[in-house]
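What follows is a set of structures to go through.
In the two assemblies presented below, subunit A is common to both, partnered first by subunit B and then by subunit C.
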Partner chain A sequence: MSKQLENKSWVERVLKHYITRTVAKKFLILWVVVTLSFLIVRALPGNPVDIMVINLMDSQNLSEDEARTRAASLLRLDLNAPLHEQYFDFLGNLVRGDLGESYVLARGKSVTEIVFQRLPWTLFSVGVSLLISFTLGMFLGMLAAYKRNSLLDQVLTNFSAMIGAVPNTLWAIILVLLLGVVWKVVPLNLMRGSLSPGIKPGFTLEFVVDLFKHWAVPGLVYVLTTLGGWMLAMRSNTVSVLGDDYVTVARARGLPDFRIITAYVGRNASLPSVTALAISIGFLLGGSTVIEFIFVYQGVGLLMSQAITKRDYPVMQGILLVTTITVIISTAIADLLYGWLDPRIRIQGNEE
Partner chain B sequence: MSIPSQNHPSTLSIRNLTIEYQVKRGAVQAVRNLNLEIRYGESLALIGESGSGKTTIGMGMMRLLPSTARIATGEMIFRRFDKAGQATGVEFDVMKLNERELRLFRWKDGAMVFQAALNAFNPVLKIRDQFGDTARAHGYLQGEALRKRAYELFGLVRLDPERVWNSYPHELSGGMRQRVLIALGLLLDPPMLILDEPTTALDILTQRNIMDVLKDLRGKLNFSLVFISHDLSLAAELADRIATVYAGRIVELGNVYDTFQNPQHPYTIGLMSAVPTLTTHRDHVSSIPGSPPDLIDMPSGCKFHPRCPLAVEQCKREEPPLIPTTDDEHLAACWRWMDAKQKLMPNPK
Partner chain C sequence: MKNLMHKLTAFGAEILKTLKLIARNKMGFVGFLALLLLIFMSYVGPLIVEPEMRANVKQIYKPPSWEHPLGTDFQGRENWIMLVHGGAEVITVAFLAGLLTTIIAVVVGAASAFFGDWVDDSIMTVTDTWLALPRGILLIVTAYFVSLEDVWTLALFLAVFGWPSLARQVRSQFLSLKKREYIEAAQLLNLGAPHIIFREMLPNMMSYILLALIESMIGAIYSQTYLVFLGLVPFGNNWGVLFSLAYAKNAIYNPNAMASLLVPMGGIVALQLSLIMFSRSLEEVFNPRLRVGV
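And now, the complex of A and B:
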């Protein structure tokens, strides 16, 4: 055995080493995403200058030539450098941890600063919603599976399919309309922005209460759009686990129902959803662009929609990069969690 | 261990047990008016073809039937005995237990080793935790005492205790898992152990090993064994008495020697001629013509008559009762049992 190992070249050994391989894979993904986002962002019709020219012509009734000189003096951008030069410039800065400076939105401010100022808001609103939706979905899914073919199951299943079929934008509009305008249960100012004016972030009760008040409606949109999926997946997983022999044997062993439901049925049935949870974080971050725009919620989603309308290339690239990193990290956490939950897929090399 | 006398009170008395399955076409009677005594300390084999209702009987004894099944009639009187085998006077009808009592009855009074032992363990829990779960559910030993007890049982079923105790189920082979399940079945010292096809799906050497383990256990411990199988040779080796099941009823019941030497029911005779042996010529190995009856649309009279070479008019009209034949301990449900052996056994010895 040891002789075999010695005979292998170090390249081979590095390639076969699980953690090295995983980290290398993640960096490859990161590079692909960064490159694609660099190219796609620039492939959008119109560059920052063009967009500003149109805006100036519209808002200040300038002629095209006047607007163009004004925009050029305002932005001071050189977009005429060859694409590959721009790309290697960007990549070089990125390696040094520099995401560049915003072109338009907050001219001269570093993208890192802008993005990290907004990121906690999105992570909070999306994370809390996801946690609620996931937990509730697991619970309702198991309930439906245990009571399968009953009226309750029919109601839950159809309800899930229905709420899952409505797009998140439509949910946002419906909720604003119903809760804010028709029933007037939620004051409209709680559906704009992420904090009431005058409240400073900090560990005060006032802040936390206000935070959750502003989170409530956009959070509800996230929950409504994802809940059905979790529930239906959990229902079908539970039904299949309930048919497994070890559940019958557990009943034969006289185990209390609670133990069977949690450690035998629940744990096995929720395994597939753990991976899905990591993937859904990426989806929700993407989905937040539209939702935060509707609710003027001060997160990266809103920043993204602003950056797109102004063609602020560095900000767009920065957000795409941060989103990718978030997804990569959450997938890695899901992998670890999965290994901890399911001993069958633990890496053999790590044991003994 | 000696074969217990028929005068000793039984561990479990099953009376008029009828189990129905609800299916689209109607209700299927998988077990019909079954009467059976599981005697104290005996080993009883239930044999029959697939679909004869053997497994349903076993599951019914634990009241572990799927939700589509319903126990239509019947009672199952369970009796407890002290260590010396004397009746303690505690007896109850398993059918009348409530959910909680039933939970405590399972595994403590009657444990069941399942056909599919490969999947009998929760894949995400270690064997030690699954022993712990079972023990905790019944207020049994915990911690170090439980580990000692489990090691003792692993020794009995010829497993390496150190290795098994800390393993996950997927780290053990099929034969090992089957033996772990047997050890788990014996954890609470149950007076009755039901084995449903314990060796099916295992290779022949592992089967041999499990059989040796079971025989060994029978010699060392005192419990009633109900052994569900379609394998006659295993039944012959392990059982004191053999019950042949056909279409949800017992058609022949007798001690193992009588049943093999002197079978009375044409179906039992058919089963035995279907087993090849080293000494019979292969032309004498025959299968039973036809197939088990459709349980929804069962034939009239004796359910075996469409496949029976001896069927006469009476067989089509009336279902024969299970009555004593050559002696009180050897019962058969056949109108023509007196002719059966002579006409059907190829070379009577």
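And now, the complex of A and C:
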């Protein structure tokens, strides 16, 4: 960045433009999800609030009126007010970070607290897997593109497409079955839970080792289900970049192959995948619901499946909102990163 | 009428040509045959084989043997009969969802590319917003509240969540078609948007759309599987429900019950693999550049 200091004035202007655009889009997305999640609970046929009231009457022995006031206080809404007022209340609460209270899973605990307790686990397991899968996919994709139409290429592309088509649920079950039950290479307790009992989170070697041991198999599922996508995208991008003039020129100039591969081909071919990286976080967070359920991994995904079985609406709503914000932040980072990696984007703004 | 007949024969000849090309690609041909076999088993099979309606307490969890070719499940039902009866629903949902996804994506993508300007801007903003949502979680939460009780609702639901990335691809395909000379000529002749889109552009995109359809089907089966596994799609004895039930009954740790878990899982995996093999070879057929290498 320091090199650009001398022409700071216009760089700053352009950057600002790009950033304002990006930020405005993120707010739009956030607003859509917030509104959707309000509508889901308040305006959907089948009226979730009524079901919640009935649940409360059943489980906590309340009269209907008591249950109704209780539901209202849990959701932090005045259920008798007109819908648009409730909507604004809801927005106000959200700005204050108040997502209501859990009423089944952890009675009386605030949703924000519960979700933020679980979120780091999911972000760790999904994030590390995504980085591995992305890096590996970029590498294999380039390899396949360089050796295109060879046997290696055929094997790589076909296998990765097949691996990616098998649903994550099935992969998780297959891996537990093969690694834990049939071959017995991974002890089953490493595939249940996210830490061994008795180990406290902290900067100790013991903790880090245990953390990665528990991450390994669920992590493998994330990698297997996403690797193919990265690889195929990188392959086709590399093939098209390889035909570009600047690569031919670089070759003609006698640059070493390694430099051409990394600085010319690799950088340009991997650019489109950087934005896809952020989108895939949202995709993986959805998948984590099933995977964490199967591996009893203590993240938001498991929380989600528990909230579904226990019908804990405030928690479900909270997870939806918190994951949306997480995804928005990560896409924003990716967008800015993209703008930094590819100056053309910064200058043209938003063109394809 | 005569015109229609003529078109039909031309269409038939086209299909025959494609089939010949597919037969040339071994992997694609295997995928194609497997797909036909699965469809035949799932739609014709139930007409021949009586469904297992009653539980049979005496033969719960029998491992595969001569008497029980694929073993029995937790209610003593034959796994192979459940396999035959459990496919139709999965394939129907996948096909309908794929079809609806493709229709939405083509309409949206075509409109966006064809009209350009503010139409394009606003449609693409909506698409990007939809694409940037944590759709997995949103899918689960909405699936919980919307009651997905029949095949059509589930298919429509999956389509509503599946269209955006395809719409983007269709749009860029249309944009590149739009620059061709014969489209520009049609525009100069003022033939009207519907005519140009449906009579000039779409026929040239049929191969692409067919691929998109298969891809959407694969995606629909993928999402369907985890929705069923989470218990959000409460209908039928289809493969998804069967393997989820077996998993819930801890069949994974019981060697005798393993077959009741693996057989329906095998159905889903076979379906996905045959679809992907078929689509990859179709891609080769439709895109001559891939055949000779770029």
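General observations
The working rule: the second predicted complex is superposed on the first by the 271 of 352 C-alpha atoms of A that agree within 3 Å, B and C clash if a C-alpha of one lies under 4 Å from a C-alpha of the other, contacts with A are read in each partner's own complex, and residues count from 1 in each chain.
We adopt the following convention: a residue touches a chain if its C-beta (ideal position, glycine included) is under 8 Å from a C-beta of that chain, and two chains touch if they have at least 3 such contacts.
Quick caveat, the model's predicted, so the values are computed rather than measured.
Subunit B and subunit C, once both complexes are superposed via subunit A, fit side by side.
Judged by the number of subunit A residues each one touches, C leads among subunit B and subunit C.
Using the contact criterion defined above for the overlaid structures, shared-chain residue A:Asn158 touches subunit C, although it does not reach subunit B.
Of the two partner chains, subunit B is the only one touched by A:Thr248; subunit C is not. Shared-chain residue A:Pro256: touches subunit B; no touch with subunit C. Once the two complexes are overlaid on the shared chain, A:Leu277 sits clear of subunit B and of subunit C alike. In the superposed pair of complexes, A:Ala269 makes contact with neither subunit B nor subunit C.
Touch criterion not met for A:Leu179: it reaches neither subunit B nor subunit C. Across the superposed structures, the minimum distance from subunit B to subunit C, using CA atoms, reads 8 Å. Subunit A has no residue lying at the interface with subunit B in one structure and with subunit C in the other.
Within the complex formed with subunit C, the residues of subunit A that make contact are 25, 28-29, 32-33, 36-37, 40-41, 44, 46, 48, 148-149, 157-158, 161-162, 165-170, 173-174, 176-177, 181, 239-240, 243, 278-279, 281-290, 293, 304-305, 308-309, 316-317, 319-320, 323-324, 326-328, 331, 352.
Those residues of subunit A that touch subunit B in the shared complex are 244-246, 248-256, 259, 263-264, 267-268, 271, 341-344. Interface of subunit C with subunit A (complex): residues 27, 125, 128-129, 131-142, 144-147, 172, 218, 221-222, 225-226, 229-232, 243, 247, 252-253, 258, 261, 265, 268-269, 272-273, 275-277, 280, 293-294. If you check the complex, the residues on subunit B that touch subunit A are 62, 64, 103-108, 111-112, 114, 116, 118-126, 133-134, 137-138, 168, 170, 181, 184.
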